[in-house]
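Chain nomenclature is as follows: A, B, C and D, assigned in order of appearance, with residue numbering initiated at 1 for each chain independently.
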Amino acid sequence: MSISFECDYTLGAHPRILDALVATNFSHQPGYGEDEFTLAAQKAILSAAGCPGGEVFLLSGGTQTNRTVISAVLSVYEGVIAAQTGHIAVHEAGAIEASGHKVLTLPSHAGKLSADDLENFMAAFNADPTRAHTVWPGMVYVSQPTEYGTVYSREELTGLYRVCREHGLYFYIDGARLGYALEGGFDGTLADIAASCDGFYVGGTKVGCLCGEALVFPKGAPKHFFTTVKQNGALLAKGRLLGVQFKTLFEDGLYFEISRNAIEKADRMRRLFSGLGFEFLLPTATNQIFVIMEKNLAQRLSEQVRFGFWEPYSATHDVYRFASCWATTDGDVDFLESALRRAL
Amino acid sequence: MSISFECDYTLGAHPRILDALVATNFSHQPGYGEDEFTLAAQKAILSAAGCPGGEVFLLSGGTQTNRTVISAVLSVYEGVIAAQTGHIAVHEAGAIEASGHKVLTLPSHAGKLSADDLENFMAAFNADPTRAHTVWPGMVYVSQPTEYGTVYSREELTGLYRVCREHGLYFYIDGARLGYALEGGFDGTLADIAASCDGFYVGGTKVGCLCGEALVFPKGAPKHFFTTVKQNGALLAKGRLLGVQFKTLFEDGLYFEISRNAIEKADRMRRLFSGLGFEFLLPTATNQIFVIMEKNLAQRLSEQVRFGFWEPYSATHDVYRFASCWATTDGDVDFLESALRRAL
Amino acid sequence: MSISFECDYTLGAHPRILDALVATNFSHQPGYGEDEFTLAAQKAILSAAGCPGGEVFLLSGGTQTNRTVISAVLSVYEGVIAAQTGHIAVHEAGAIEASGHKVLTLPSHAGKLSADDLENFMAAFNADPTRAHTVWPGMVYVSQPTEYGTVYSREELTGLYRVCREHGLYFYIDGARLGYALEGGFDGTLADIAASCDGFYVGGTKVGCLCGEALVFPKGAPKHFFTTVKQNGALLAKGRLLGVQFKTLFEDGLYFEISRNAIEKADRMRRLFSGLGFEFLLPTATNQIFVIMEKNLAQRLSEQVRFGFWEPYSATHDVYRFASCWATTDGDVDFLESALRRAL
Amino acid sequence: MSISFECDYTLGAHPRILDALVATNFSHQPGYGEDEFTLAAQKAILSAAGCPGGEVFLLSGGTQTNRTVISAVLSVYEGVIAAQTGHIAVHEAGAIEASGHKVLTLPSHAGKLSADDLENFMAAFNADPTRAHTVWPGMVYVSQPTEYGTVYSREELTGLYRVCREHGLYFYIDGARLGYALEGGFDGTLADIAASCDGFYVGGTKVGCLCGEALVFPKGAPKHFFTTVKQNGALLAKGRLLGVQFKTLFEDGLYFEISRNAIEKADRMRRLFSGLGFEFLLPTATNQIFVIMEKNLAQRLSEQVRFGFWEPYSATHDVYRFASCWATTDGDVDFLESALRRAL
């Protein structure tokens, strides 16, 4: 079965990335991120993010990136605040705790953390006479888009960042699927993201790379961050693998172009489901769609296309996830439409 | 300057690996190492290692692999024994300590740990009435080939393993450049390696891959090792990137073939240097050669080919490292010869 | 102001403990817990706990004890389950996370964890196809009495233990104030506690000692636990300080006697408050009473006796904590009564 | 056998400390180091150390203190430098590594670290092009007196501190037996110690306390250090236990007085052994004497007094440790003399 909407990492890389890997393969380059491709990628990303004085580090994966940056930023007595649904709170196998730090959870509003909740939490923390017996909040972690495919607005991000600055909290944005937020509902640009936080990463793995996340520090990295990257096992000897990929994505806007493709296809899928009377678990504008569907129907549909089970909904219905990606074509959505009509 | 003997990771990947990445790019595959290429790679590696009942995990890099396996194997009160020159004792930025464990160092004999030293250390440890106030040795780490390009013989490895088993120590072999030992001086096969330890890794990054190390547990992995891999940030969403590479290397012996090429070229280089009267820091049979050279001569040579400074030797001479790799050609060695003759 | 109900650690030690420290002061003893007093204390505690084949370790404080035992029991991929109100989840400054492990929280029922919630959590965990990407539950932590002064019944403890054994979870009981549960509402004995878990500690600091907690492993301690104790900075050179105290408390039942005194005084206080029409935040049978009181009245009362603020209740009322201890006398309660009547 | 020279922690506490514990026992005091005795102790120690603007924290034991301060001071990418014989490098069960940091060892000169070795190490580190792949030195640890009973002079300490300041290293002194250095060979005062470092601790356990070490930060403590103390399980609920002891030791010079007693008795013992023709492993001026003695003689002597085996010396001789303490009397030394003469 060759049509899949299961998630955004079932294929390899965008063909232009493979082409670039082939084209650069026999160029001798220094290791550990000092190659010319990494340097070019860093420059292109900082330029796209409107912070030419910042710093960029290229790492392999999301959990690795989160763990490395959180362990570099936090002091030994500090923890990191996240929504209860935040990736670091749930699906990173205790990576943050393994580096010695508690994840302090606040309520999730469709995957999002609210500035009001954060402000209230900090006010209560500061009013607590026993606070010195507890973990000190040192950092705030959000995902853009969230684990539920929802997107923070500029105002929401700047609101969170304002509370962070008031309370001396480092504000960090996990952008595993950042492209799909930028092209799918965020009312701003990459430069707005960079201006709204102390650190963020631009996800590559789920936006057309074989692997790789570009960690951006708009105002400069934590001290000796290179060593912390190495200590976390996150430093590739052939850093060129990451450099070539991000250079390709950022030197002429390919990252945004392929993100936009995913959003356009997801929009078609949203209209398709709506038109057929389906309801969604929650409204999303990104590349992930959470459809409430009768179980029998889902069973029949799954014989024709691949998609993912998300969570139970009722005795007769479940929620299923349909995701588009950089490679999704109009033909794929056409196929989904016929498959759906056949299955109904 | 296009001819370089600086190290074995200045180029990209073996062309057949790139071809395989291109050929498989549009196949939808599950993530996190459950793709068909990873499954095929695991099977091929276990077969080559003569331990079909073992387990293989594919990780991205060496420090990451060492840290993950050591943190999985050791109990909280245990440390890992290594030669003073061992990679984990020196060049991993404290990765092992960051996971909570001490590296206990023993003398290095041209990079190697000796079974006698290990036996004596354990005897002294067991005789020490204060030992319960110290870290308990739980594991032994060696590199094959070593950081100095030397190679353990079968007898040396089995000798170490015998001492380990007597004392309940886990025996682990870091094979970042394992291919160059297998084809460059080791009097045995990959299956002999597998039979001589509890765990080892087959290095890919320095033997023709873009990235990747294949961690092999001949008798089975530590419990829930998948989760420990994830916790260490070492689990790629697109595990296929590693699967495709190792499948290519192991399904028809390419790994051994390209390792052999590096050794043949290194052998030519050794004869070249010897013939011209150079001496070596220590004799090696692998792809790394440590040449004692007059500083002025090295300066002139470096205008024609790239190679690495290793360590100071005397007022007038230093030690320089020349490394071959999977891609080194006879033409490259010819070029080195003419460059040397010009510089002399 | 010499009358205080603020908490159970505002005074020094029970006089018989001080007497014993003085009496044994000039006896030369080996260090690190090998002194004769520690040996006698261990024997007496195991006898009182009905598990002569068990092991006892004497440590200085509660956070230290929890951290040491949890880090010894859990594997690197495991976390510990606790009620949201559990001490390790809230007031231990991230000690558990600093040792690398996540605290997984379940709802608190007046401070207690329920076997049903635990069973449901484990069922959901085992049904979760992504569970290998999350922390594995390895241990369950409860406090007896709880942080809210409530007490688990024998049935509740054995219920929890049964679920633990079904799922391979280590069951650990924090007994910082265990004496006050044993004499204040628990329908069993110390031997019933020992039979209901894999490890627990008998709190000394809050039950008449200067410092010290006796960690009991009814079926034997984790391997090389002495070293883990040392590694956690929890091994006193003069272990006799702890040995003398626990020997005094357990050789003739002093621990139970002074716990009973605290409960009798608390019971008088409960009757006093009830009789005057006060309501309680929740019913307790231990040495801590949570009284809902008008703020102005509390202010007036606080001019005569000391007691603690617990949490806000309404615009006009707050909750206050009144605690008795081994040293509380009938005269103290008489004084509280007159002070209350004066303040009303 | 009631006469022992085995070590300095075989007895309880100085009687005046026990008296003070008894006298203060029924005073209600706040917990966690906010009691009036701790406040008085802190003031008295800072006054004795000539740094009234500094900060003091009272902890229970040495390993705990070292671990807590090192984990508070170091960044995630940093390690601590110590002599190979330093306590943290050997006998702390991996406590420093368990908190995530490497101990970087330099040669020991009769237990001491030399400023030249430190300067050379830092010069080599800074010249190493691969240093970013290694642990960054962040701190220097020395013991005063050392584990071998030797003492740093003022010049040696200020020499080390100068190198530390040049290289941005935190300089920390482990004073488990500090009193015996101050009265036994150090050519300065407690204020000179305080002026020569960033942090040090005044050992109580081995100088007359039941337990306790006073950690002094002459220029102020690491941020939120109270929380780090709690996180390390080093915060006693009844902080008064430590406060009363150190108040007693420092309010009228008792600490120095009892240290002086130990030195006077050790001096007598040194003259005794010398006079009888014994040689020492190395010269010491503190309370520990390392005597080279024929094994048979040692066996006979051990039937009359207790002392410790230190290390093997030759086929016929071993090294034995004789230690005095605050409680050693002239009568004890007289007894040792007769016992020796009988055994000879």
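To be clear about the criterion, a contact is a pair of C-beta atoms (placed from the backbone, for glycine too) under 8 Å apart; a residue touches a chain by one contact, two chains touch by 3 or more.
What you are looking at is a predicted structure, and each value in this text was computed from that prediction instead of being measured.
Participant: Among the chains, which has its CA centre at the largest distance from chain A's?
Facilitator: When every chain centre is compared against chain A, the largest gap points to D.
Participant: Consider the two chain pairs A-B and A-C; indicate the one with the greater count of contacting C-beta pairs.
Facilitator: When A-B is set beside A-C, the one with more contacts is A-B.
Participant: Between chain A and chain D, what is the separation of their C-alpha centroids in Å?
Facilitator: Distance between chain centres, rounded to whole Å: 51 Å.
Participant: Mind checking the centre-to-centre distance between chain A and chain C? Centres are C-alpha means, answer in whole Å.
Facilitator: Each chain's C-alpha centroid was found; their separation is 43 Å.
Participant: Cα centroid separation between chain A and chain B, in whole Å?
Facilitator: 33
Participant: Would you please write down the residue numbers of chain D that are in contact with two or more other chains?
Facilitator: Within chain D, residues 76-77, 92-94, 98-100, 132-135, 227-228, 230-231 contact more than one other chain.
Participant: List the residues on chain B that touch chain D in their complex, please.
Facilitator: Going through chain B, the ones touching chain D are 76-77, 79, 90-94, 97-103, 130, 132-135.
Participant: Given the complex with chain B, which residues does chain A contribute to the contact?
Facilitator: Interface residues on chain A, with respect to chain B: 1-2, 4, 6-7, 9-13, 15, 18, 21-22, 24-31, 60-68, 92-95, 98-99, 205-206, 210-211, 227-228, 230-238, 240-241, 306, 327.
Participant: Give the list of chain C residues in touch with chain B in this complex.
Facilitator: Listed in rising order, the residues of chain C that touch chain B are 32, 71-72, 75-77, 100, 132-136, 223-224, 226-228, 230-231.
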